[in-house]
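Naming follows writing order (A, B, C and D), and every chain is counted from residue 1.
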Amino acid sequence: MIPEFLKIAGGTVYDPANGIDGEVRDLWMSGGKIVEAPSDFETRPARTIDAKGLVVMPGGVDMHCHIVGSKVNAARMMCPEHGEIIPSTTSTGLRYAGLGYTTAFDAAIAPLAARHAHEELVDTPCIDRGFFALMGNNHYIMRAIRQNEPDRLKAFVGWLLGASKGFAAKLVNPGGVENWKNRPEGNARDLETRVDHFEVTPGQILASVAWAADELRLPHPVHVHTLNLGLPGNWTTTLQTMKRLEGHRAHMAHIQFHSYDGGDGDESTFGSKVGPLVEYLNDHPNLTVDVGQIVFGPAIGMTADGPVGHFLGRLYGTKWYSNDIEQETGCGVAPIEYRNTTAVHAWQWAIGLEWFLLARDPWRIAMSTDHPNGGSFLAYPRIIKLLMDATFRKDALAALPAEVRERSVLRDLDRQYSLSEIAIITRAGPARMLGLTNKGHLGIGADADVTIYTPDPDPEVMFALPRYVIHRGRIVVEQGEIREATRGRTLHVAPDYDRGVEPDLQKWFESSYSIRWRNYPVEADTIGESEVVP
Amino acid sequence: MALLLRRTDESDLPIEVIGVRPDRLRGMPPAEIGRFPIRHGNRTVPLAEVFQIKGDPSDERIDFEGNLRNVHRIGAQMSAGRIVVDGCTGWHLAAQMSGGTIEVSGDAGDWVGAEMTNGHVSICGSVGDLVGASYPGSRRGMTNGTILVGGSAGAEIGRSMRRGTIAIGGACGDHAGLGMIAGTILVFGSCGRYPGAEMRRGTIGLFGGGPVPLLPTFRRAGRFRPQFLALIERELRRTGFAGVDWPSGKLDLYHGDLLSLGKGEIWTREGGGLA
Amino acid sequence: MDPSRTVDDRRIWPDSVCTACGCLCDDIVVKVKGDRILEAQGACSIGEGHFLGNRRGDGPEAWIHGEPANFDEAVERAAILLAGASCPLVIGLQECTTEGHRAAVELAESIGGGLEVPGVSATILSLQSVGEVTCTLGEIQNRADFVLIWRADPVRTHPRLFSRHVLEPRSDFLPGGRNDRFLAVVDIRETTTLKEADLAIPMDEGAEVEALWLLRALVKGIAIEAEQIAGVALKDWQALVERFRAARYGAILYDGRSNGLSVRGIHSLVRELNERTRFVVMPLHSGGNGVGARNVLTWRTGLPGAVRFVEGQGPLSSDAGLPSATAADAVLVVSGNPMVMDNEPTTEVRRKIPRVLLTGNQEPHPQAAEVVIRTAAFGIETSGTVYRMDGVPLPLRAVVASRFPTVEAVLRSIEHRVRERRA
Amino acid sequence: MIPIVVDTFAEAFPMTAARAILTADTPAWAETAARTMSGYATSVIACDAEAALERILDPAETPDGRPGCSVLVFAFSRDALEKSLTNRVGQCVMTCPTSACYNGLPVAEKSIVVGGRLRYFGDGWQISKWIGERRYWRIPVMDGEFLCEEAFGTVKGVAGGNLIVMGNDPSRTLAATESAVQAIRARCRDVILPFPGGIARSGSKVGSKYRALRASTNTAFAPMLRGVVTTDLPAEATCAYEIVIDGLTMEAVERATAVGVQTAAGQPGVLGVTAGNYGGNLGPFHIRLLDVLDRYGEPV
């Protein structure tokens, strides 16, 4: 059978992974992949998209969002009034496609509920997707650390990712959530806090799982949501965490929420400590971050960090959902309204932008709103405009409370992102951080995920309404209209691990969990079309 | 001249007249009004398919006639003008309305004036549940305006209401004023269980006489004759709420719900007291 | 994955899921010979009834107006009824797997209908107003040193709940098992569960809400001037609150069918208790897969409980929507609706609205609906995902084959015919 | 002898005015509230406002159906009026047993906040009520609650309308002036006469030899200074009394002036009725006595 080709002709291509910065080129695709132009000049593509004057980029990659699984669904049930921020799986897929995104990863799934997450992923159209499996408060991991059995721990991480069909190891408030489950106001305040019952520390969990992820050669390193999220003065914990991860690859999630100055109880001391943290990041290529930018308006706090959920529900006096998940993690959900008149919220907004503008290497900082924690991913075009247009940004800053306006370094930052840099932080960079060699670029053999934009003086307009969005070689969106709701693929890992660990594991499992060991792993037929990422 | 919409068929399928409001239709040519899309069951149909249309809404008035029991969302989101209904309406009458006047000669279904922000609604007959209430998940019910009901009302009237007045000439169901933030609810008939549960502020007047089933988290303050009720009485009479027996003597005052701020008040007729 | 093995002429299914009650015990060893279940090892009496109850695969696969019909005729008839309706309603869905729920959503969309999972509305309303502090059963199993059963009788309705999860298990946290736990029971009558309680509080019927409000007040330190509430002396309630306070990880379990203000009261109480200690709450749901139905409906439409599809619009909420049941002009009942007796003929009143019934009941009444289509018996003849009452998803595996199709297959066939008719 | 109405004019000023409706359980307490509230409010020369009881109200006329009074209050600006009214209502009405206080003018854009300021006395226990388009504050007090309207409408009123009754017999002149006061109070709405009993005997002129004083005694009408200063008194006059009129509108002041002049002029012992002015340089409103008699006086 002669392959069918789709050709994008004469577009201005931004493909930073391949060193292409705004060159006019043709792209050929076939069988869902980017291919060489056929050598046979007779070959005509089945369809040609005339992209003259248009901007061509790889499909967007969201490396940190919350779009599926038990806590997202609990949020949908709890907050029907916020359906816009936490849409159905169908809407989520269509909206990502509508923004030119073709890949997204849910950042926090409890392996016990992995089956649920996968069922939702299957029902999320138009994007390839996967999730990170929560491990920071896993009892078996803490046991292995206490017993000083790194190989057992490594094997467990491998088993857990394989059984849950997850993509990466995620740590959320390691040790802190376990303490919170175990006693009122329990938490971990620093890396040396003792975890009840287990005699380990958050620092040990961080280092051990980072080590195991590296040892298992996972495509994406340990994905860290460290202690004290959202609390004044938490920057010291963040810096300690980064230092503790020295020698390992690691990704620091939603770094904005972890970069705060200030002390207990005194709101006037709240402020930015991006400076020392970004300096550390700039000097340490083993680390990457995503920002977790907030946008003013309604949001939903949604986290495996149980105590943070409690904190938010109390702070804003809203409804609060919490779910403790046996042996594994916690979970908290509470609605939030970010107001540009509230000093702390204004600081959070400024701190996110400080990160974008002070980070030297765009390849190591990714766009995210930690959807829906900082706001909806639908805000990305607005954030792009804030990065590309210093005047727009300064006007927005001018509307904030004086203490932020005057104290944030934002007022002195004139940097404006180029289109190429935007392409890096929204697709090429996250794909590279995730270890997805087929995503985030347009080289031969890459997945044919392409977004074509109509240039506009207003970047928000340009990025909010792509001219075409192509997912695995199929046209999904054409000028804002859905053409085809493609079925995406679930991306997961299947690491090799020492199966000798299983008897001990099974014994522990059967005595601790409320379900049977045999019923825990997610079978291949549950997860729809899928792809193992090596 | 008013726009007259007369329904002639008797089908029970739900009809939703979203957008059929004086402020929206004013100035629209008659043909366009006839084509105005409304929901009939699971289809969208032109207004003229369901209603006979006469007159025009140039004076910002719409009259409804005929079998309207399954016509829902009359006057929803309306911001100005007047709607007069001769008969009984379906659900969501005046929901989220922000201004204007709605008068109904018969009954209305659930969600009358839900989350309304202003305006005046008066219904001669009885109404269903959730008058002036918040929709599921939402923090606030009605935030202003007046809802007057001549007959009785169902459960959870004024749920999470933030401001405004609801007056019920007859009885009301359970949980009146559930989670009320502020505002005024007056009931002149008997009252269901647990009025004022989790109310923060606001006033509930239960003037049906007889015992009132209060929660243990309400505390009695004593017997008083407050002036503000005289003001409300005068205002309600001015707006046509008549035929009820206003209490003339002293009233018993209870504070609660102590579980949530406790600044709410329940007034009962002298000797009403706890059930 | 097929974990079964064959011994002699018997097939043995280990770790099978029992859908008879909300516990969804997943450790049942089912022994099968041919299409007959011989034994359900580990199952409680309810579970045994579920696995070993009469299964009769004989008789017609469908009926139309009480007359036997074949599957295709019945599907055709159902499609005509539903596609021709202006306001069709799909209801039930408690006895099918995720795949069935997905098919139901898609069918509802294609016919422009409403979709409703009955029951539990009070739990959802409470969630939507105050939230919920909950956990998976394993947390109670491992950590709960205090358990309050509020107006429920799990010893009867969820027979293995105490032994597997709530009361008896030993764990690293509670090495003494039952001895490390305190069980309080509040109910309005002498129940089997009440007899096991370390602290039993029998209260007046119909006074639950007063009692809950009182408890919340006591937990918050608000003085209450009353000698007794709900027929129980104040000091007895205070004793219960002392137990709350002493708990490290407390759990309150209540009947998932409860309604009214008491659900909100229980959930609020638990939230308030978290200001001083750790507490969780869990509704005890009944069997089947209602939890799954609600989950799927929510993720597919963004709305829990009830939705409605109208042409040219996305799913609309009908939790606050329209009086659906009375407004419908055709109803598709997917098996497992407790409101519908599928072994009885429809009453005159109900017959006014034409109904299609999909049922796994082994002896449905041929006149239970205008069209009755038999499906594979849920939990025994069907595979897929089911959700436990705490939201934990479990794999259901068919242990015997059925000559009837699954709910999902029937729904997809109907949808297919609807689309053909439209085209 | 026919008394002379001097062909002169009263010179009046614009002032911002508000009307408070005070109610109580009994007419006596309502009047007590009104009189206390309008104490020390004769002239803005040295008071924060000019205020007086306008009228006793029938229960049918009051918002809550109780006995009541209306009080008009005048000050030079809305800010000054707001401050004065808030202080007066707070100190003299809220304290008065059984009282309540309502706004007696339409609330337009130009309104002042009274209840909305006094509410803080409630220490967090105050309750707001919107009734119709108006907002009220319920402030807990020791006999129940003090109900006070949030906002009071204001108008640009006219103050300083006046007439001066001159005579040769002090007691008869005073009696004549009193009857003028009674006539105005009985027949005129929208005006107050803020001086004691409606009458000022220490009329004033602008300025003083002492720099600190803005006004000083009206030497032209002080009979005992006859011969030392230029006098405006008729030759036989031995005393003069002034009625000062503040009103919500120019017309109300003019009518009251006409009623006052006509009534006084007809009394025995009155030699003449005149009015105080400052040469027309100070106030923008000139109320010419003969002119208002023409327009509003009753046919003789």
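Things worth noting here:
Here is the rule we go by: contacts are C-beta pairs under 8 Å (C-beta built on N, C-alpha and C of every residue); 3 or more make two chains touch, one makes a residue touch a chain.
Here the structure is a predicted model, which is why all the values come from computation and not from measurement.
Of all chains present, the one whose mean CA position sits nearest the global mean of protein CA atoms is B. Separation between the centroids of chain C and chain D, computed from CA atoms only, is 77 Å. Mean C-alpha position of chain B lies 35 Å from that of chain C. Between the CA-based centres of chain A and chain D the separation comes to 73 Å, rounded to the whole angstrom. If you average the CA atoms of chain B and of chain D, the two centres end up 46 Å from each other. Multi-chain contact residues of chain B (touching two or more other chains): 135-137.
Shown for chain C are the residues in touch with two or more other chains, namely 124, 128-129, 317, 319. Each of residues 78-80, 318 in chain A touches at least two other chains. By the document's touch criterion, interfaces exist between A-B, A-C, B-C, B-D.
Residues 68, 70, 72-74, 76-80, 83, 86-91, 112-113, 115-116, 119-120, 123, 180-184, 197, 310, 313, 318-327, 333-334, 512-516, 518-519, 523, 526 of chain A are the ones that touch chain C when the two sit in their complex. Here chain D touches chain B in the complex through residues 23, 63-66, 100, 125, 127-132, 136, 138, 144-145, 147, going by the rule given at the top. By the touch criterion stated above, chain C contacts chain B in their complex at residues 85-88, 111-113, 124-125, 128-129, 209-210, 213-214, 216-217, 220, 222, 224-226, 229, 260-261, 268, 308-312, 317, 319-320, 322-323, 326-327, 329.
The residues of chain A lying in touch with chain B in their complex are 78-82, 318.
By the touch rule above, chain B contacts chain A in their complex via residues 135-139.
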